[in-house]
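After this come two complexes, each holding subunit A, first together with subunit B and then together with subunit C.
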Partner chain A sequence: MLLELKNVSLSLKRDGKYVKILDEISLQVNKGETVGIVGESGCGKSMTALSIMRLLPEKAKLEGGILLEKEEISSYSKRKLEKIRGDKMAMIFQDPLTSLNPLHTVGRQIEETLILHTDLNKEQRKKRVIELLNEVGLPRADEIASDYPHQLSGGMRQRIMIAVAMACNPSLLICDEPTTALDVTVQAQILDLMNHLKDVNEMGIIMITHDLGVVAEVCDRVIVMYAGKIVEQAEIKELFINPKHPYTKGLLDSIPKLAMKKTKLGSIPGMVPSPDKMPKGCRFYERCSSAMEICREKTPPMNLVGEEHLAACWLFEEKEGEANASSRNKGLEATLHH
Partner chain B sequence: MDALRYTLKRILLMIPILIGISMLTFFISNTIPGDPARLAAGPYADAKVIEELQEKMGLNDPVYIQYFRYMKSLLQGDLGNSNYSHQPVMEDIKQYFPATLELTFFSMFITILIGIPLGVISASKKDKIADQFARVLALIGVAMPAFWLGIILLLFFYLKLGVLPGSGRLDTGLAPPETITGMYTIDAILTGNWTVFTSAVIHLILPGITQAAVTIGMITRMTRSSMLEVLRSDYIRTAFAKGGSERRVLYGHALRNGMMPIMTLLGMTFGHSLGGSVLVESVFSWPGLGKYAVNAITYLDFPAVMAVTILIAVLFIIVNLVIDILYQVVDPRLNYE
Partner chain C sequence: MPLLEIKDLKQHFIIKKGFLGEKKKVKAVNGVSFKMEQGETLGIVGESGCGKSSLGRTILQLIKPTSGEIIFSGKNITHLPRKEMKALRKDMQIVFQDPYASLNPRNTVRTILETPLIVHGVGSRLERAKIVESLIDKIGIRKDQLDRYPHEFSGGQRQRIGIARALTLNPKLIIADEPVSALDVSVQSQVLNLMVDLQKEFNLSYLFISHDLSVVQHISDRVAVMYLGKIVEIADVEELYRNPLHPYTKALLTAVPLPDPTKKRDRIILQGDLPSPTNPPTGCAFHTRCPVATPECKVETPELREKVMGHWASCIHVHPEQSSKSKVNIS
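Let's look at the complex of A and B:
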């Protein structure tokens, strides 16, 4: 296993008090696997990613365990983190224009990762930069290396960001909405490129997106988040064919389909509760069409609802109390050792 | 090539600006009550002498004739004779301006050396003790009158401790180095005269610090706010995601991006102090342009007033031009157009 998050919770200081943004997030990513994290904006997808990279605001409280290649990195010092960021784990951000330094040539920005993590000399670094630019599918690499970000198109910039991230062959690549700011045609190219790079380099990828189309395109497994909690996780096909959690169903209903007659798209009524006013029971209770009495009172546990398919919903509660826990663990384990 | 064309264009644009400034200064100084001839002739001169002098100085001609006459000799490098020092104004300026230039360079050097790092630290440790400290320091610098600080420094370091000299540019008894630039420190280096160099530097310390105190305050505050803005950018997060250390991110990525407003302010203060800081020069008896200008105004020494005004205008325009060119060196997104 490449990455494991064990009951990770994150609190941020807002107006003088700590507010829980992530609540007991547990997930796993294997080598060569792409795991999608989906959910509405504000559900904690990006914060999960930033917690792994530990690029958090200053007054953040992070609890739980984060294991990267079996190393507990959540307790790493600043210095130690700097060593693995960009080397073992790398991240790509949403807007490639604002994410690249406007005053440095793109070649220099790719080279910086190499300066920070390798012993290559200037010649070798230059060669590697050209190599990387070719790898991410940019022609005329030596010319582009001396260009500034504003001289390139959106798709090219995102390719540069990918080259920056790939410079040291990281084992984990986190992509936070990597295609959201791009044209649709360019989106497909970028996703293809990432699929290709994953296969070549045996990376694990976390793909954060609100776009289920992107998920369908590249992910092997999907995690659905709602209001700072994981509500469902399953294999990609399983999730699309057989969604269990009412929230996931709602999300899938809101995608337009070609076969559909011109009916109204499904939408989920209501709003996400704010982090400082989380309800006692299920966080989706207020908006859920199949809500029951118990949902208001108690937080639903993760239930095994199919093969390697988990959902946090009272609808699928297994009847026997004891078996409940053990089968749940079995389900988790099955997912872990996938 | 583009850069060269841009620079030439800007230099050509200086001409109309300078003509405008020279006209304004000339006509304003001519409408000021007071008779330069009478002042030049001295309090005991009789009316006939003054009349002759008026004729000789061309004061009876219409103002525009006087202006054209002035501009004609200006183009030949003749700024006229000072009515007060009775030598060519050009000679006066050659004597006073390098002193101001030297003091300005020195105080700007201190400003950049202290003000910018202080602002960066202040921004990166926002709301922590280092930040509070830097902010209070900056506030004191900005709020404190320069002449008052000058006097306090004089009292303490010169009168009480006696470790630093309190006036002039060199120890009495030392002959100034051979004039090359007119700046004693530079000339001393060029001629290899280290005694004079040391003495010149020591004499720069107190007036330099006094002059720098205000600008350090301003630059620190500007750097802080500019950096805070930049530190919120996405590319700063990218730099951290690459594994960059805080120091590397701050100085390698953030500072250059936050440099624009800092450069603007530096340019303005630089131009300003080149015009001579009257108060600092007075407190430390620094024979600079500021002192010369005040004298010129007091004695209605029109040629000197004109010369100083035009010189300051030219300096301001040059500094602005340099800053504009530097903008484009710093930010490749700006074009030379």
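Let's look at the complex of A and C:
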């Protein structure tokens, strides 16, 4: 296993008091696997990524365990973290223009990672930069290396970001909406490139996106988040064909599909509750069409609802009883250690 | 009589570039023609910078066209004096992309919705209040929320308020410029459902501008595909998605990620990015990225021609007799 999050919770200070943004997030990413995280805006997708990278605001309270290649990194000091950021784990953001420094050439920005994390000399670094630019599919690599970000198009900038991230062959790559700001033909190019790089380098990728089409295209497994909690996770085909959680179903129903012209789209009424006013029981209760009495009172546990398929919903709660509970735990464990 | 007819519409912007102040032209809209019927939804798709938003704004004459004609309800409105144009604006309204920036944060929803009525001198104070209240009911916002400010609403609610504002004057045409692009998918579907309902109720026509091909397919009757200021293909929605003729449309349709992991498609991946509209390629503007381009494409500018009944495309390699053979199944 490449990455494991164990009951990670995150609280941020807002107006003088702590508000819980993430609530007991547990997930795993294996080598060579792309795991998608989906959900509406404000559900905690990006905060999960930033918690792994520990790029958090001051006074953030992070609890739980984060294991990268079996090492507990959540207790790492700042300096120790800087050593692995960009080396073992790297991140790509949504907006490539604001994440690149406008004052340095793009070649210099790729080189910077190499200066920080490798012993390559100047010549070797130059060579590696050109190599990386070729790898991410940019033509005329030596010319582009001396260009500034504003001279490049959005798609090319995102390729530069990928080159920066790939510079030290990270084992974990986190992508936060990497194609959202791009046009659809350019998005196709970038997704293609990412699939190729994953196959070549055996990386684990976390793909954060709101676009279920992108997820279907590149992910092996999907995690659905709602209001700071994981509500469902499954293998990609299973999730799309056999979604269990009412929230996942609602999301899938609201996408316009082929051959359903002008029929009513499904939709989810209401909006995501704000983090400082989280309901007591299931957080989806108020918007759920299958809500029951118990949902208002008690938070649903993660239930095994199929092969390697988990959903946090009372609809799938097995009958109480020792035997059942233990068999469920076994199933869970089998899933977690897959 | 069509509700709206556009003839060879051009919108060229002059921008100053370089420190010697040399002037350059951006041909944002470069010879666009089409017709639209009452009650119809025409979708306009294309990548950023293709001129789809400029087209919408030019039709409303929020920016004056460089040349060409706009005929609305049989009347040429291209060179109308301000006063007459103002009266006509009652019939043509716009919904913007960003529901945060398009509502005045200092006004209550009631004021926002009443203002168009006051500007156009509609009704007495009481009648206006009635109109506002009946509208708010249709878009699913409660009467007691009327005196709240925009920031108290969610993105989806704000976009619905934007739509209600466009409806206050009972228009015939609504130009919707990326109306759901800023919204989450579950909220997006609510707004799309509302737009379809309102269209049925008021027999509205929509010019629906979007970069999202699945949204456009869902809501449109006909679809026009734009590339660098020109329409490269226009057809009925089913026909266009089933049988795209122009190589750009084909690439665009296969590039859309489908929310269905069981389907794998042969994808046409275009090389490079959209060329700069200040310096568009010669001949066919698409030839720099086109997988089937030939040397003629560099020289010859293709015209938009009817290749199949009601299906127009501008590509010299699509011949009317061949088009039935070149069917590509995209699903």
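One rule holds in what follows: the second predicted complex is superposed on the first by the 329 of 338 C-alpha atoms of A that agree within 3 Å, B and C clash if a C-alpha of one lies under 4 Å from a C-alpha of the other, contacts with A are read in each partner's own complex, and residues count from 1 in each chain.
Quick note on the criterion: contacts are C-beta pairs under 8 Å (C-beta built on N, C-alpha and C of every residue); 3 or more make two chains touch, one makes a residue touch a chain.
Treat the numbers as computed from the prediction; the structure is a model and nothing was measured.
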Examine A:Cys313 and indicate which partner it touches, taking first as subunit B and second as subunit C; both and neither are also allowed.
neither
In the overlay, answer first, second, both or neither for which of subunit B and subunit C A:His150 touches.
first
Based on the superposed arrangement, let me know which partner A:Ile162 touches: subunit B (first), subunit C (second), both, or neither?
neither
Subunit C versus subunit B, contacts on subunit A by residue:
C
Does the superposition put A:Ile208 against subunit B (first), subunit C (second), both, or neither?
neither
Mind working out whether A:Gly250 is in touch with subunit B, subunit C, both or neither, as first, second, both or neither?
second
Would you sort A:Leu138 into first (subunit B), second (subunit C), both or neither based on which partner it touches?
neither
One more residue to check, A:Met271. First (subunit B), second (subunit C), both or neither?
second
Residue numbers of subunit C touching subunit A in their complex, please.
47-48, 154, 156, 184-190, 192-193, 196, 211, 213-215, 217-219, 237-238, 241, 251-252, 254-262, 267, 269-270, 273-274, 331
Okay, in this complex, where on subunit A does subunit B touch?
53, 55, 78-79, 82-87, 90-91, 93, 95, 98-104, 112-113, 116-117, 148, 150, 161, 164
Residue ranges of subunit A touching subunit C (in the complex, touch as defined):
40-41, 153-156, 183-189, 191-192, 210-217, 236-237, 240-241, 250-262, 264-269, 271
Applying the document's contact rule, which stretches of subunit B touch subunit A when the two form their complex?
233-235, 237-246, 253, 256-257, 330-333
